[in-house]
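Here the chain labels run A, B, C and D in written order, and each chain numbers its own residues starting at 1.
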């Protein structure tokens, strides 16, 4: 995931990568040496980053804003230490997501949750912000306009998840070539809880989660990039197909803010029979756009449809960067 | 699909392939010539079939029992003609499946529906029997023990369908390599209606469909053989995990009949985290076994789980052959 | 292939698409209607093209320069008709490639062959120019610097070809998922003859093909875009690894011409163990760059190495566009 | 690879698995526990093996005949220790393959090399036998009949290797989905040396390798099982297509020995345009059969063709078992 951060931050109009922190094994080497042949993106390592000397865990850092792609096994403590040291950490790690005082934010959906930063115990500008799990982002973004317009009373999400979500080396090819694995470790509970926190409201004790049941069924499929999700919803009030499409298409809350990573149209609602598809639609809006489609009535709940998002851009590195952008725009970073 | 019929009937202890009927273009050539390089199974064309002279549509046939893998564009009329001529047709085509007087049968589930044969208008031993759509078979078999034991009040099925289900040439590689297509033409209505007919009861006017809503969300994935289905059910009465597993595991209604194609254990209920998987489990019991697993509670309905079956064996040719076997055992063929 | 032309010509600084010709079935409809769901690129149909009314075969066209992605079954005659009518046709079809008076050109390699246009029988600015087969381009580009520097005495090319080369629907998924097909219809003779024509010289009777044996072994692999070729060469004189790398790296004959589609570095010669790879390297330089690597001595001939190019960009539509650009630069269009 | 051994030995008419040795981590647990979810074959763990208590390295073993699927990092020393202790070791590990006193055998090709056992320093029935690398077996088997009939003067082998050859977890899915990797670590030298030892002759100092150059170009492709090899040969004397096909088809040196794992027809020489293919042909003769095809003249050397074999059956576990069978038949085990 660190690779995506560096790729997306390369040439970013607001942010510049001035230092890189990684494990003790990598510390002291140039980034290019440290990553070696594990660089798996189709663009080259940005020149400005390749020669940066990698710092080790807990090394003092000079940037105020930090992006964390740390592994969950170490992210919890390290991120807190840096927040305590006065850094504002935009993290993609799962450790603090469900902490009621830590914002779990998709800027288009719950930008106001960033106010939690003011309630955190850190001083000197320190703070902790998180973005959701790669599947939860797709689901929460697709549901948000429906929740706001009609209320959601129940949601079921069956995922078709790309292998890049598991990192490198990640999923062995023997497990996934010509196959589907009906299991992604830890994923279903994350989706079921994070989605409700994102769609929740600020209350006196932090975020009050939205109050409807979410059920997730997670699967890994032989796709490199792009999480497709088959969604079914029960709505609080009747809605027509036209109203639902309109809710998605008019969902452009950040448009006037001119954030570098925010797509003009966060949600593209398509009406063909067979879209969205990962191969054709995953890179829409530089991987920051969500695509929904196949809206049709459900005999059990109310409506069923498909949603697709890029799991390592909109669902991870791009999400953390967009969170940082909204923090800047709102004067918090 | 005709290829699978010939492969599975090769060496069958009860049936022998004595003639093959195909389109006018193929008529008059040996089967081996007619199929040419379109034979796509990993076993060779059976010797006994390779040299059979292919007959054209409407050619008189001498076998009483016919297996139909005809394309739906012609199956409707041709199958009726042969039934009128005194043949008993076990068809994999969709055309007559929803006719209330035509049995739509999975022998383990609704063997009694074969009684409809006695109500059909054909004389001289003529008749029409069908097996369900390849996805509907997987779904109906997985649901049947639950419906019998606990009653089903709603079911949602999200499919991960193999490309062999679309025949040859079928799905273009550009559409499916590294991709998922959230659409299989005509599939969702078939699943939603056929499942209920299979789980229905014989009544005075034919089959009375089971009375609960079924919702299907169909997807094509880059898998050669094996339809995986993520299922969610609402049950008529409370059931524990143990009771559900027991319902599946004790579902062996044909065991004493010693049908050549019926597996000893039609349903294998597994308890690992990550099974069933198409690549590992599709060929269980010669492709006639269903595998279920990943049973867990659902926050929206009651239970969720996964089911897997071989789409061209249990889901098509093997299904039609098993139907013929039960007809023989029950003295109807 | 027509789709790639339209995608690459969208926003082209020199060329503008003003009309589209296709089959009689498509004629009269807007391009967007005519192509429908067969548009398989990850970018949308360019707006300026979507609404163009498609013309039928032999319709009068007003542009001087035509790009032909016609199917070989009709390209032969149609292209000649348009050349006779005064159009300059840059064709990706195979029909006229081996005609000794028709240039078969990779601008970096044999730009001078364009002089053949002056010997063609067409008047009023009419003419016919072709680009090589998608595999032959990769092979000829990789060999050209070696041929110029050291002379080539024999070359063997084993291909790993992407499925997009076969068009749409093209290769059935049942043939290629988890598989390799050791056959691409008509491909080996094309490679063996086109490579030698490209590396040949202008003579009194047209192009005199280079005089060394080329052997091609063609395979289709489950890759969407990017032809990888394992190459073995026998050289006319001794060369060191360093000299060969230098020959490739200094191969930049078009650099000063500032052609819109010509990469600054046509050949990227890499020295890692495991490059080039289709997934990582195919899009280098907008799909117009060739990547070579894995140079090592061969116990049978002299050297072995790998070459990779984008089969529908550098190997087809981009090739035809680059041919048109050099024609413009050289005052021929 | 140990898994394939156990699968293939299950129900073997001559051999019975009485004990299993693995690493210290596994020692003391039942085999089923030790392998856990890493069992990746489509058949279940054999019952007779599942409950065997795994022994640790150097544990005394009671069987005379041992099959070694040890990792090369430990196989060297351990196999020697067991040979010294009087065990006859049939090894799939690479460590001792090129030792001139250790037979490197494909029974159909160089059964006589087993005589080297008599020259080894082990007493009490101890000895060491190896089978070739998974690619080298395919290549040597395909070449052997040509070498015997016509003499080979040079051979070039470009491989398309399945991922199962790299074990589990082995090749990461991110590296191979929709991709080709032009590198398999250590593979090219193994092919180039092992092939010549296999085709060599017994001499006073052990095996004298055959004396012609072999060049290998190795690639990993997204295929689960089956190494396809594109081969080019220069022959010592002229041969017609008919003679070459006859050389392959008459190559049945073990036919009368009735070895359980030896196919009746070790080499199937096909004449279609597009065979062999991994998906269709890999399992011929239980994975022990080689399939060749696409024989055609080569403009550079003499002939080119394709060969395919199952890399973990004929190319590994099945190879070691067949070696043991020939040792039994020849009275050496």
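Convention: a contact is a pair of C-beta atoms (placed from the backbone, for glycine too) under 8 Å apart; a residue touches a chain by one contact, two chains touch by 3 or more.
Note that the structure is predicted; figures quoted are calculated from it, not measured.
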Of A-B and A-C, pair with higher C-beta contact tally: A-B
Taking each chain's C-alpha mean as its centre, the one farthest from chain B: C
Inter-centroid spacing, chain B versus chain A (mean Cα positions, whole Å): 41
Residue numbers of chain B (touch at least two other chains): 40, 177-178, 222-224, 273-274, 279-280
Chain A residues touching chain B - in the complex, by the definition given at the top: 154-156, 158, 160, 177-183, 185, 192, 213-215, 217, 219, 221-224, 228, 230, 232, 273-280, 293-294, 298-301, 304, 306
Complex contacts: residues of chain A adjacent to chain C: 37, 40-42, 177-178, 224, 272-274, 279-283
Residues of chain C touching chain B in the complex: 40, 163-164, 168-178, 222-224
